[in-house]
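Comments concern the structure below.
Labels run A, B, C and D following the written order; every chain starts at residue 1.
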Amino acid sequence: MNKPLNYAYYPGCSSTGTSLEYDMSSRAVCAALDINLTDVPDWSCCGSTPAHTVDHSLSSALSARNLDQVASMGLDSCVSPCPSCLANLKTAKHRMEDAGFRDKVNNLLDKPADTRVETKSVLQILVEDYGIENIRKKVVKPLTGLVVGAYYGCILNRPAELMQFDDLEHPMAMDNIMEALGATVVPFPLKVECCGASFGIPRKDVVMRLSGKLLDTAHGIGAMALVTACPLCQMNLDMRQNQINKANGSKHTMPIFYFTQLMGLALGLPEKELGIGKLCVSPRNVLDAIDANLKEKAA
Amino acid sequence: MKIGVFVCHCGSNIEATVDTAAVAAASREFPDVVFATDTMYTCSEPGQDEIVAAIKEHNLGGVVVASCTPRMHEQTFRRTVERAGLNRYLFEMANIREHVSWIGKDRESNTNKSVDLVRMATEKLMRNRPLYSKKFDINKRVLVIGGGVAGIQAALDCADGGLEVVMVEKAPTIGGKMAKLDKTFPTVDCSSCILGPRMVDVAQHPNITLYAYSEIEEINGYVGNFEIKVKKKATYVDWDSCTGCGICMEKCPSKKATDTFNEGIGKTTAINIPFPQAIPKKAKIDPDFCTKIQKGKCGVCAKLCPSGCINYEMQDEFVTEKVGAIVTATGFDLFDWSIYGEYGAGRYPDVITSLQYERMLSASGPTGGHIKRPSDGKEPKNVVFIQCVGSRDKSVGRPYCSGFCCMYTAKQAILTKDHLPDSQSYVFYMDIRAIGKLYDEFTRRAMEEYDTKYIRGRVSMIYPQGDRLLVRGADTLMGAQVEVDADLVVLAVGAEAAAGAGELAEKLRISYDSYGFYMEGHPKLKPVETNTAGVYLAGACQGPKDIPSSVGQGSAAAAKVLGLFSKDQLESDPQVSVVDIKRCIGCGKCIQTCPFGAIKEMEFRGMAKADVIETICQGCGICTSTCPQGAVQLQHFTDNQILSEVNALCRF
Amino acid sequence: MPVLKGKELRIVGFLCNWCSYGGADTAGVGRFNQPTDLRIIRVPCSGRIDPLFVVKALMNGADGVLVSGCHPRDCHYAEGNFYARRRLEIMQRFLPVLGYEAERFEYTWVSASEGQRWQQVVASFTDQIHKLGPAPKIIGPQAADTLNQMAAAL
Amino acid sequence: MKVININLSYNSDFVSQVEEESGQKLNLCYQCGKCTAGCPYTAEYDISVSQIMRLTQTGQKDKVLQSKSLWLCATCESCTARCPNKIDVARIMDVLRHMARREGYTGIRTVKTFWDSFLNSVRSNGRVFEVGLLANYISHTGRFWTDIGLGPKILPKGKIHFKPVEMKGKKEVTKIFMRFKQESAK
């Protein structure tokens, strides 16, 4: 890379809890690729779904406070691993271009927010700023023999005008990364279908149905594992996989990786740094199969 | 000049928001106006009679009518004043309908504005002079661009009427979209049985010259005398000696060429005749796939051709044709549906277009008339049709209805049942548009007798599930989300303007709408005319149209051409430029700028002067605004006339 | 009748017969409401528009002048709109010399099918002129002479 | 079934309010049903999203605002992404939800309570404190904790903390909520 890549990093609340491994692996991969992430100082919650279901100005105020924090760092772009955070930060910036709305939001804040900062997802910077070909060059342990489907979830690139990333119905960013890592990618037909989002707690039945369908479909196309880029998707598919099996009478044991975890493995990073052990559905069999394939090839 | 002013109510169209009586009253105060009145319908017979009577009674020298746009009724009223013995150019119109009453509701402002427009018209009229047409000879040959069913109809009607016809077709065969259809609605009769004989008629008609696999390169001239440069694209086969025996096609080893005629269902040979009934039935080489042309090896066809007509060195050729009128019948193309990611954007082989399905249904098509899934060749059980793909969809820039998809979908559903009695068809639709004769009965039959399941709603998603496709749509009448397991999905893809329609329009100097469809002269009264004299439209180039309408327009365009050619000479439009020889300094600037070459240099008492050829001048007036001396003046739009309009608007 | 005080300003439009005049008709047929300030003069082609017409309109009391022709490459007379654009752009640069803001003049393209676009053009140009307010007027006892002298100078 | 008088039951204030708050024009909807066709939550809805659109268009305020569907929309934007008339349907659902809240409709209690608990957690901690959020939710719904089986799975992974992460600016966040409350009360 010619120019060093520097970004403010907004981890999002789930990074401190349920998606700890996404945060760990994102940081580890970026470090390995010499991408500098600096944490947004004293960041707060973006408001997530609950805030915008209450009011748009409240939602934007919660996000704008963080954009302002980034601006104070002297950086002009910010990355977040979480699509939900991303959508909120981007929506706030976009809506606040309207002067009336801007005033309404600033009214809720201690001081008027500087919201000129661009936000991108970790996935987007890896694909667009770093580049697939550069990733391919860094692979030391190809994921030979891993048959994987890429599941993007519903809000990584919607709405198109706002997110400006990848194909709306058939995104390819993770498919392309996985291919570059040496995995066998099977086209996942439900790439942008919703997993049930945050209904896991108040309406578990919804998640059982929607995420169950995703797992059935992944199984149907012969995927050994799914790869995701969203904490909520990953949590529904991984942590609740047992519940789904119980509710639907299925028998899935499908590992659900964050794409950054698989990248880290292919880049030769230790499993521990990538939080592989934090996954609920054990990926051991799948990872062992990759190792066996590698050894076979070497021999 | 004694001027009469007639302010039209147009029923309530104008009167509702303009006080026409007040406009008439104000007009009476204008210089030269000796008579002004308001009338209910000026264009009606009593309305016109009133004008004639007033001209006689008040000895009027000119008339102003304040009513609709001159593009509507200028000709009507010119004939009216002519009936009363006035020169037709001693007439002006003020457009107080389209430009006033229909675009604002404030009666005071509208009335005031109307008075302004009438004043402007009277000031111009005071400076109008009688103008007289000249006669000029015409070339009674007609060019038909496009050999689809509309063009064929126009060509045959003109040729049967005794005219010489030149037909230019872009593809290697005529027949257009209709030749690709298996059956036609609502009669379910065989498309090629109807069209085939007419194609043969074109080939055999002594009055028709056909240039297939050719395009229009250049068009010059004007009504009565056009000069057309035709590009005959290289076929690498001498068509004069090719007999269409087909040996070359049988033996050609390169079998991976794109089969355009079959809409990409299957492949064809590098040298091919598009289909057995092609007119002309001649072979042509697709150079991209010919091994000889690409790599210099092979040459099988040249060796085997019994008439020795293969020529790998062939180049494009140009010929010039002179005609007096042009019928444009360039048809339509299918909307590129790959923009619909939710339908797979082309990823799933068993999602096909309606025209591909048509080729599959056709006994002479690539599957021999058997319905087979492109993925595995199996017969489908559940066939799902999705309507309005690329029609009535603003999000893909196609808000209009393509008009014929409802009908052909019903036809295809019926044919599906005929071919595969055990199959079940489902049609996702929004509204069924079946407004032709026996059309609605036809769609009802698809439901009542053929048990086609019609589901009112759009489809949001298609995705593979096992070896089938899951189609997820809505049934808005049930208020539910619905799913169908489909073996084959047929998209009723909408129509859009033919590729290259814009470029051709520029050569023809005709207008097109924002979707590329050509603009007719008037949406109601001039459906096949254009604003360019001598250029007519037929078929779907003007907007999506089914076969009967296209044929109707083909005949209508032919009737217009025959009417135009019923006289030996045409009258020129006298609104042309005239040079004031005393003021002309012979600088030649007008000669350089005239887009039509209508001005030439002449000598007058030893000095160079400009001279306008009246029959060539089209009346644009570019020369008038170019002339540094004001010596060239466009009649009826002179500097004085336009400036009088400016003053009428600004000085009051 | 004079301009309706306080309601309207004086805007003159020169429209080519084939495209823009048709577009204005289409707007009418579609009943697309527009401000009433504009009065339209029909000319065969925008190439017929002598820059002098525009200048004279302003000198004689217009507050704004709008010219509209066919889209590039869609001219009924092949290239009239190119000539028009070239001449009128030069003219516009001289407007400030004569004491008029360049924004009092605008040149645009509207085809016969673009009724909605015509509505937008009229609305935004009228708005633009209202923001500028009335143009400076040559009035008083010597106005006619002054105008004649200026016209002669041009 | 109730007969609906179309003109008398049309609540024009409701229609214009939805249009203003959402920035969308309801008359653009021609009821093709594509939103319903793609909506992953249709199975759970009491009124499908295209019918919500229709009822909103026809000004049937009460029927719309009392719908459970408003509370089950996850804003996945399938509807918005595929609408042939480019209507931001998801935003309209959002706006309807805001109106339902303001007018005191509970919708689905568990969902509303969960969202409220989430925001309470943000209000007091600046960030979401997952365990606290759950405790809050359970105490408000009085529901038996159905995810109990998850505990043994997640606890050893070190993902669950029993104390919120401290952040300096949490007061700033709390103030956002306070000001919002004051503004809404106006």
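Just so it is clear, a residue touches a chain if its C-beta (ideal position, glycine included) is under 8 Å from a C-beta of that chain, and two chains touch if they have at least 3 such contacts.
Given the structure is predicted, the values throughout are model-derived calculations rather than measurements.
The chain with its Cα centre farthest from the Cα centre of chain C is A.
Centres computed as Cα averages put chain B at a distance of 31 Å from chain C. Chain geometry summary: the mean Cα position of chain A and that of chain B are 51 Å apart. Taking each chain's centre as the mean of its C-alpha atoms, chain A lies 23 Å from chain D.
The multi-chain contact residues of chain A, meaning those touching 2 or more other chains, are 168-169.
In chain C, no residue touches at least two other chains.
For chain B, the set of residues that touch two or more other chains comprises 342.
Working note: touching chain pairs come out as A-B, A-D, B-C, B-D.
Put simply, chain B touches chain C in their complex at residues 26, 69-71, 95, 97-100, 102-106, 108-110, 112-113, 115-117, 120, 502, 505-506, 509, 511-514, 519, 531-532, 575, 593, 595-596, 618-622, 624-626, 634, 637, 639, 642-643, 645-647, 649-652.
Chain B contributes residues 341-342, 345, 347, 463-466 to its touches with chain A in the complex. Residues 342, 388, 392-396, 430, 456-461, 472-476, 479-482 of chain B are the ones that touch chain D when the two sit in their complex.
Residues 13-14, 16-18, 20, 42-45, 47-58, 61-62, 65, 104, 107-110, 154-155, 158-160, 168-169, 192-194, 196-206, 209-210, 239-240, 242-243, 277-278, 280 of chain A are the ones that touch chain D when the two sit in their complex.
By the touch criterion stated above, chain D contacts chain A in their complex at residues 40-41, 43-44, 72, 74-78, 80-81, 88, 90, 94, 97-98, 101, 108, 110-111, 113-116, 118-119, 122, 126-128, 130, 134, 137, 146-147, 149-150, 153-154, 157-161, 165, 167-170, 172-173, 175-177, 179-180, 183-184.
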